[in-house]
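Chains: A, B, C and D, in written order; residue numbering restarts at 1 for each.
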Amino acid sequence: MTAVAVQPSLGRRFVAGLGTPSGAVFLLLVALLVAVVVANPNFADPNQLVRFLARTAPIAIAAIGQFFVIVSGEFDLSMGAVIATQVVIAGNVIGQDEAMILPGIALMLLVGVVVGVVNGLLTTVAKVPSFIVTLGMMLALYGFVRFLTGGAATGNPVDSFREIGRGLLLDTIPYPVIMLIVVGAAAWALMRAPYGQTLLAVGDNPVTARLSGTRTVVVKTSAFVLSALAATVAGILLVGYAGVHPSIGQGYEFQAITAVVLGGAVLGGGRGWVLSAAAGAISLELLFTLLNIAGIDATWRPTVQGAIIIAAVALGGVAWRAARKPSAPAAAARAEDPDPAPPSKTTTPPITTTTGEQ
Amino acid sequence: ACSTDGSVDPSANPDTGTEQPAETQASGEWFDQAVYDEQFEQRSATFEGDPETPWLQYIDGEMTDTAEWATDEPMRACFANASISNPWRQTGFITMQQQAEALTESGVLASMEVRDAGDDDNTQIADIDYFISQGDCDAFIISPNSTAALTPAVERACETGRPVIVFDRGVDTDCATSFIHPIGGYAWGIDTAEFLIDNLDEGSNIVALRILPGVDVLEHRWAAAEKLLTEAGMNVEDHFTGADPTEIKSIITDALSAGDVDGIWMDAGDGAVAAIEAFEDAGAELPVITGEDEMSFLRAWQERDITALGPVYSNFQWRTPLLALEMIANGEPVPTEWVLPQVPVTEDDRDALIEANEGMPDGHYARFGGEDLPGFPDAWQNR
Amino acid sequence: MSAVVGARPVRRRRLSTTAIVYLVLVAVVALSAVLVTAAGKSFFTAGNLAAILTLMSILGFVAIGQTLVILAGSLDLSVPYVVSTASIVGAGIMAQGTAGILPGVVAALAVSALIGLANGLIVTRLRVHGFIATLGVGLIISGWLGTSFQGSFGSAPPEFRTIGATLIAGVPLSTIIMLACAGLAALMLHRTRLGHHLYAVGGSAQVARLSGVRTQVPVVVAHVLCSTLAGLAGLLLLARTSVGSPTIGSQGGYDLMSIAAVVLGGTLLSGGVGSVLGTIGGVAIFAVLDNVMSVLEVNPFLKDFIRGAVIVVAVALYAWRSIQRRPPRFRKEAGA
Amino acid sequence: MAAARPLHAPVLRASGIVQSFLGTTVLHGVGLELRAGEVHGLVGENGAGKSTLMKILAGAHQPDAGTLELDGEPVSFASPIQAQRAGIATVYQEFNLLVDRSIAENVWLGREPRRGPVVDRRRMLRDTQALLESIGAQGLDAGLPVRQLSVAEQQIVEIAKAVSLDARVISMDEPTAALADHEVSLLYRIIERLTERGIAILYVSHRLREIFDLCTTITVLKDGTHVGTWPAAELDERGLVRRMVGRELSAFFPDRPEGAELGEPMLELEGAGNGFVDDIALTVRAGEIVGLAGLQGAGRTELLSGVFGADPFTRGTMRLQGRETRIRSPRQAVRAGLALITEDRKGQGLSLSLSVLQNALGVVRAVFPGRTGAARQAAPERLAELALVARGLDQEVQFLSGGNQQKVVLARWLAVAPRVVLLDEPTRGIDVGAKYGVYEVMRRLAADGVAILMASSELPEVLGMSDRILVMRDGRIVGEVPPTSSEEDVLALAAGAEAEAAA
């Protein structure tokens, strides 16, 4: 006789899901979209929307990459430097030579893989905290690339390569949007696949994962590789969109982490939805657009961004703790709840324990 | 003699003399009528010296007597550089290194020790103090990271009694042997604003793309331009871009979605291509644009044949400090304030400049003035 | 009884991490001296040592504070903006002259402490991860700085500036103040309840709570002290530069550099283990490294590369030895 | 030791305590009275609410309803510190020690002695040393970091900490869970000293023998309700179990299957060893359950982790199903058909914030991703077979009680159909009913031809379940005894000559 309840219906799970921080970001996304459209009705034009999406694709893809690392319990601060590196490679290696496009892309992917593997192995095998590893990688990459190029990339790569970040499929849908959809779908599938679940398990408890036969070194390292590859894709899109410049990619790591956290993932690992990370990134861009439309000085932008992430994370935590309180009157009776549980490691609906007979 | 107070005679120090008691600046008020007027004049002033070597030209004025430093011995120069963190500085630094090499050949320089402060005031102060205390510098060259903060350190360098040459950005003291700089930011602002006003109708929409706030050299450019543009009845909105082309593109795209954009004003040229592309991607008519003598901008300008101007913050000024040292070694007087010419690139000389700089990377500056140095062109091409 | 507590193998006293940090420092100094001498210059001159010590002092202040915060299990990414804020506030008030020195110092430190309090309360009361909380607060302040101040602001009277330029027996006054702060911080950590509780909370907040420690207090205090120390760094920068600057903090990259120095000093990023003494060692390693790279005129871009590599390699070194291995019971490789 | 003492007035009285988590009430108006100098046993199945009640007394939880009285005065504790100040000390089920701090710092945490404004470190060390001596643990150096202590030593530090509070009431939540049988006697002596000082002890344990050895009064909880309180003398084991479980358990261990035949050797070790164990030779056959007995620290866990490749053997040979195999990582072990159920469920066995289903599929997904689909299909049924009690497959395992968590651990491993199962303390901290369930699973596996190697500190369990018993001491196997041996025989072997005197 089992006492295990059946899985709740899809609809109920959907509604329950929206209540979690990872689900709530989609509500935030919709709300911001509505606000932007109200403020600037032009924005509702599908053409505009799709262009906006194209513009946010690089950061959304970067956020997806960062998600894999964060959910495995680590940080990747080297993302922006990887993007900058790839941009420089695009300019210097591909340049104006169409024949170099494929070798160039291959080189960029290889560089991405190498960076990810080095980050991953230093974190897992050498046991250096990933914050430090990727900080070091960031310094080293920025320094090395600029050292090699004397700080200046040759120039924009050939236009046919830049089409990836600039062009439209059938004159309607920008390639970056397609790329975002493909990456998003792949990431979603990956998180549902055994690999993604194992990644979650490694983030939750690496010891358990190892004793379950998980190659934690391989799994975590591959998360770093995915992150570096996402940065590579973002770099390819950005160099297409905007051309070569040393400042491209700067700050992307913090932007991506912000997006992932806004998407309800928990720093420390084990929890979060990958598409929420992308939604977090898009929400952030929508917010900036809104500020712009509202005529707020761009210099205030960091302030708003700072306030938003603090509020989002705090509210996420509060919402979760409120859900844990038994019922309204009882909750009122102990306003001061010195709950020992760590802030936001947990995000599921309440449980009830049924008693089984033997 | 060094003066420590901030109230330096502004006319002696046009580009930076506006660093008045800083409280007034806090409000973002960068405009200074007197300096503006002076630079307005200097744009059409006559420059002493050979126009073939603009890096040696200067506007007639007070000279510093350098007889006390005359020497036949090669000099050990110590250069405290703010950074080489942007293409303009990189190009200039290459020119400077090439110049140093040439002067070493000719026996003027024994060595040039360089310290790079990595954009940090504190590091640069430490660098200067190190140069002073190690004591084996025959002359100091300083490219200050910021104006007010470096003033005390420059004063300490002056106190050693050796020649001190300050270039690019100034400091709030007139103790330096020579302060070398192009005419200045207001001149840039006047040139560009006049160009836009001449080429656009009243009431046109102009988007100004600015790198970042708070840098005097950049702020002066905009202060002058904004004044003229608004006076001429233009609709201007300005944005900070961090020089990031992604950001530039987004700003233009948003602006185009809200209405027409007729003109683009930039305080540096290296993002101009992204701005132009944003118009192309949106299928909008290309604007009248002011960029810089940066190669990517000049090339884009040539390719698309737009209406444009390339204002210049003369990159060749990086040669001048070392050449000033040569003059000092010879005991020749040097201009106390050495104002270099600053001639915008127009459609007329654009093509010639592009040809002269064939093979140079984007991020190179057309008026870099190093064509006669021994390493040309490899040193600039293979960075 | 003896079977319970007696059977354990003899516990070897191992070299402490701090000792290793200082060994690394000695090695770095020795190597630097050799390299500098090989380049035909001298390392152990008064001027050069003063340069290194000066370089240490600013990062030192920030890193001491960062140590406290990291030990308590949090993180502070807002320090660069606190540094700038303190320099702005101090310079604004001191612009009136000598009479403004004391009020300027007090106000700058008070504002810094308030920012720290905000950080601490967001971390403890709103239960936002220190990374996010201080990133957010840093962004908030940077927006304010960027909007309200452009270019330098205010000024420091000459009397105040002497702090930045005074040497006592060849040691910059700023370094002496920094070392005094380090001493006080170490004393606080090891000799006060607060210090013990700070370690406890960083080690395990749950354990600390169940032991009756008010877990929020050490975290808040650590954040307040960290910001106050960052404020001191800002004031010192004010003394050196003579004007307030809204970007002076971000110019130095004090957020990531201080964290790197703390970790280089052997403190665990996850909290609960480490020392101020180690951090000073870490800061010194950075300073010597930077100094020797400057003396050797290493390409500035290569400098960043080397810095990054050194951070990772050094921390890998500590991590390698601190992987907790139980002492083996059987050492021989052949079966008995 | 259970001799009746004169009853004093209650020191601490709890009544009508109601506590709920997440809308589920786990204590329904429970009451309890503690008297000075008594050892009060608190028993009940897993999830009955024992730990929760203790945490309420300790001020770690605030009850939704109910009152606490200390010496007849109503009190309420908003935090652990208030409870401690009031004289209630607690030794929690999970260790609450800072592993990177010294014993002394741990003992005095939150109340460091001061001289003037500074902490008096010397006095801290001296007092701790004296304290350790007073409870009979003179071998421990108060300055040692806790990380270097064995589990038993850590338990002593926990108790020292409680004693140092000068508490009038000390609650202990399964203090012996991590101790081997003979080490428990040290605890007995400590508890005796405490009761002599008039301290009331609330004692939670699943080991009924301890309850009868120590307690004067016994309170039984079941599903968060108070079943009753009796003088220990009025109860026997059978009766106590009936009150706990609500029915009579016919036997503690499932019967051995009649005339079952042992199969081929599945796991053979010869001269195997690493840094922690040496010269290990053993054989486990298909269908056989081999018990590993030994004192705390004898090296049983190390032996299992050596077999499983977590601490790979560096010498000797291992054969699996007759084929020589070298296992260098847990992954290889899993692929070779091994399973390891660890002694530390929360730290090593489960992903606590993942769901029941995610945990149940953890091993399959990690090692045989191709079989995930089938395993997912089979999961609900397998969990049902194990009689898992949970709200749903998407419930996070951290909210399950210990017994149910162990069932999820079993489900994880059964999903990959292992041929050799290594069990380390398979019933640590789980109640009699759940224990029986685990034993049944073991029997069923053996019947299916699985080889089982089980390390346990509970001698009755080893004797009751094993077909053969290997005894370890100091990292070596020192002998083999049949399941018909007495506990004393096993202990004598495990402890060597030294312990024989004690036994």
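By definition in this document, a residue touches a chain if its C-beta (ideal position, glycine included) is under 8 Å from a C-beta of that chain, and two chains touch if they have at least 3 such contacts.
Remember, it's a predicted structure, so these values are computed and weren't measured experimentally.
Engineer: Name, by label, each chain that touches both members of the pair subunit C and subunit D.
Structural biologist: Correct list: A.
Engineer: Have a look at A-B versus B-C and report the one with more C-beta pairs in contact.
Structural biologist: Pair with more contacting C-beta pairs, B-C versus A-B: B-C.
Engineer: Tell me which chain's centre, taken as the mean of its C-alpha atoms, is farthest from subunit C.
Structural biologist: Of all chains, D has its centre farthest from that of subunit C.
Engineer: Which whole number of Å gives the spacing of the CA centres of subunit B and subunit C?
Structural biologist: 36
Engineer: Can you work out the whole-Å distance between the CA centroids of subunit B and subunit D?
Structural biologist: 74
Engineer: Could you state the distance in Å from the CA-based centre of subunit A to that of subunit B?
Structural biologist: Once rounded, the distance between the two centres reads 40 Å.
Engineer: Just how far, in Å, is the C-alpha centre of subunit C from the one of subunit A?
Structural biologist: Between these chains, centre-to-centre, one finds 30 Å.
Engineer: Going through subunit C residue by residue, note those that touch at least 2 other chains and give them in order.
Structural biologist: 146, 206, 209-210, 303
Engineer: At least two other chains touched by the same residue of subunit B: list those residues.
Structural biologist: 84, 213
Engineer: In subunit D, which residues are in touch with two or more of the other chains?
Structural biologist: 60, 79
Engineer: Identify every two-chain combination in which the chains touch.
Structural biologist: Once each pair is checked, the touching ones are A-B, A-C, A-D, B-C, C-D.
Engineer: For subunit C, which residues are in contact with subunit B within the complex?
Structural biologist: Touching subunit B: residues 41, 45-48, 50-51, 54-55, 58, 91-92, 95, 146, 148-155, 158, 161, 165, 237, 240-248, 251-253, 294, 297, 300, 303 of subunit C.
Engineer: Which part of subunit A faces subunit D closely enough to touch in the complex?
Structural biologist: 1-8, 13, 193-195, 197-198, 200-201, 204-205, 207-215, 270-271, 323-324, 326-327, 330, 333-334, 336-338, 340, 345-346, 348, 350-356, 358
Engineer: Going by the contact rule set out above, which residues of subunit C touch subunit A in the complex?
Structural biologist: Residue positions touching the partner: 122, 126-129, 131-133, 135-144, 146-147, 205-206, 209-210, 256, 259-260, 263, 269-270, 299, 301-309, 311-312, 315-316, 319-320, 323.
Engineer: So in the complex, the part of subunit A that touches subunit B is made up of which residues?
Structural biologist: 40, 42-43, 48, 51, 55, 58, 91, 149-156, 166, 238, 241-248, 250, 289, 292-293, 298-299
Engineer: Please output the residues of subunit B touching subunit C within their complex, sorted ascending.
Structural biologist: My answer: residues 4, 6, 19, 21-23, 25-26, 28, 30, 83-84, 113-116, 118-123, 125-127, 129-130, 132-135, 145-152, 213-216, 219.
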